[in-house]
Amino acid sequence: MVEHTTQIRVRYAETDQMAYVYYGVYPQYYEVGRAEWLRRFGLTYRQLEESGVIMPVAEVNMKYLRPAKYDDLLTQKTRVMEIPDKRVTFISEIFNEEGKRLNVGRVTLAFVDAGTMRPCSAPKLLLDTILPYFEDNEGKDTPVDQ
Amino acid sequence: MVEHTTQIRVRYAETDQMAYVYYGVYPQYYEVGRAEWLRRFGLTYRQLEESGVIMPVAEVNMKYLRPAKYDDLLTQKTRVMEIPDKRVTFISEIFNEEGKRLNVGRVTLAFVDAGTMRPCSAPKLLLDTILPYFEDNEGKDTPVDQ
Amino acid sequence: MVEHTTQIRVRYAETDQMAYVYYGVYPQYYEVGRAEWLRRFGLTYRQLEESGVIMPVAEVNMKYLRPAKYDDLLTQKTRVMEIPDKRVTFISEIFNEEGKRLNVGRVTLAFVDAGTMRPCSAPKLLLDTILPYFEDNEGKDTPVDQ
Amino acid sequence: MVEHTTQIRVRYAETDQMAYVYYGVYPQYYEVGRAEWLRRFGLTYRQLEESGVIMPVAEVNMKYLRPAKYDDLLTQKTRVMEIPDKRVTFISEIFNEEGKRLNVGRVTLAFVDAGTMRPCSAPKLLLDTILPYFEDNEGKDTPVDQ
């Protein structure tokens, strides 16, 4: 389990007339979490794309426990539980300023060769960068209950 | 199973630099499907809100089978499988112009009393409107495989 | 002046906690109006892109006269006032179901050669298609007051 | 002229298939700039709303000079040129990491009493907070060329 924490300020644009963050906004938050998770390793999603691999989303699960509100400063914890192979799964947990858990998301992305548009394995650039961190954490993982 | 079909034209705003519809846009499509599903019964989500019930989303599952592209005229089939009680679950299937299935979504909404902000049962206005249609369809349902 | 009318149903996603359509949503509506304006001539923006011309936006002016609300069925009138040259300017007027004018937008797009990424003139494909309609309307134009 | 600088990281969601930030995303960026401009004075837009004043947008002008791209870390300078009265106008300038100016926006918001839904003057809470800063800056302003 390799985890990274980011913060996101809720925009007015992201609220709806219920005065909640619209349910379709959370995928954007997860995306920010994934990008910052990678950046922590000195890698960017832009670099992965430029290396010829795109990562379309294959599956998403989202649970809405409590609403996020305008101007909330959210804390998002992003984890990858398993070493990526043909796919990679990220888990995001979003908390408000009082530490209440608002939302849990699980996003699975595929690796696709941008040249052939065929599925491929996780790029070496990614694996070389993150594998040492997975080894460091071995045996210390606690599963996230969704 | 009570099903309704709607069409949605993909906006440029909804694409991303992969030239696919961004994965976080589908919840908006499902929302359109739900609204039109209700309207078919002569009921609007606006009326439900005005009657004092809001419907926050509790859980979402999305599967991405093939990408939607700019200007695609998508066909969306929206179903409710069970008579709503404390919650209601909608299933959306999205197809492109060639009839290929692109995406399947399952969205569960809770009923909440807008006055007390406490969970409540499906409003009578909704049940009275849709129950006759469920009875008409009894025994003819085929489950949707996700 | 060549005008086309389209209808747009306001999505819940497009509202904000003021219960108005968020001010940043209108550019999406204008985009829909432009796409349908083109389609009326048997041309799509997708075809223009595939012919090697992209059309980035250069300038936008928006006036908000009255709020649009959830589930409103908006009517949008889209006009091009002048024959496109290096740029093309669209004017959109958005009305609610009572015929009240809610919003006026003016969007100017540039033509850019997708190969060289340099500004270019309006593509022949576009001009050949729309010029006959401009000629038909000659002398009958009334300026839109913004 | 009272100016505040914020940073915004471009999300994948905000790109379109041209690989540019979609033109309708900039109003969201301006909104972030306004919120942080207020926060610098120890005031939040949420507080203003809770005090009974909403601020619908009346007019927007946007100029697109160069495209913003995915993952760009944008710098936004937000200014208010004049002491707010019935309306307040914010100017936003957005720069990329190389210091190139990408976009200029001018957004005018009205003050509306949330009880009566009638236009009103800038709330005392806002004026009391920001007036001292305007006085400090008097005579030092340089107009922003759009």
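Before moving on, here are some points about what is shown:
In order of appearance the chains are A, B, C and D, and numbering begins at 1 in each one.
Just so it is clear, a contact is a pair of C-beta atoms (placed from the backbone, for glycine too) under 8 Å apart; a residue touches a chain by one contact, two chains touch by 3 or more.
Since this is a predicted model, take the numbers as computed values, not measurements.
Among the remaining chains, the Cα-based centre furthest from that of chain A is the centre of C.
Centre-to-centre separation of chain A and chain C, using mean CA positions: 36 Å.
One simple way to say how far apart two chains are is to compare their mean CA positions; for chain B and chain C this gives 29 Å. Separating the CA-averaged centres of chain A and chain B is a span of 25 Å. Residue positions of chain D with contacts to 2 or more other chains are 12-13, 18, 22, 24, 27-28, 31, 70. Taken chain by chain, the contacts link every pair, so each chain touches all the others. The touching residues of chain C, when paired with chain D in their complex, are 18, 20, 22-28, 31, 54, 56-64, 67, 107. Across the complex, chain B is touched by residues 12-13, 15-19, 22, 24, 70 of chain D. Remark: chain D residues 9, 11-13, 27-28, 31-32, 35, 44-46, 70-71 touch chain A in the complex.
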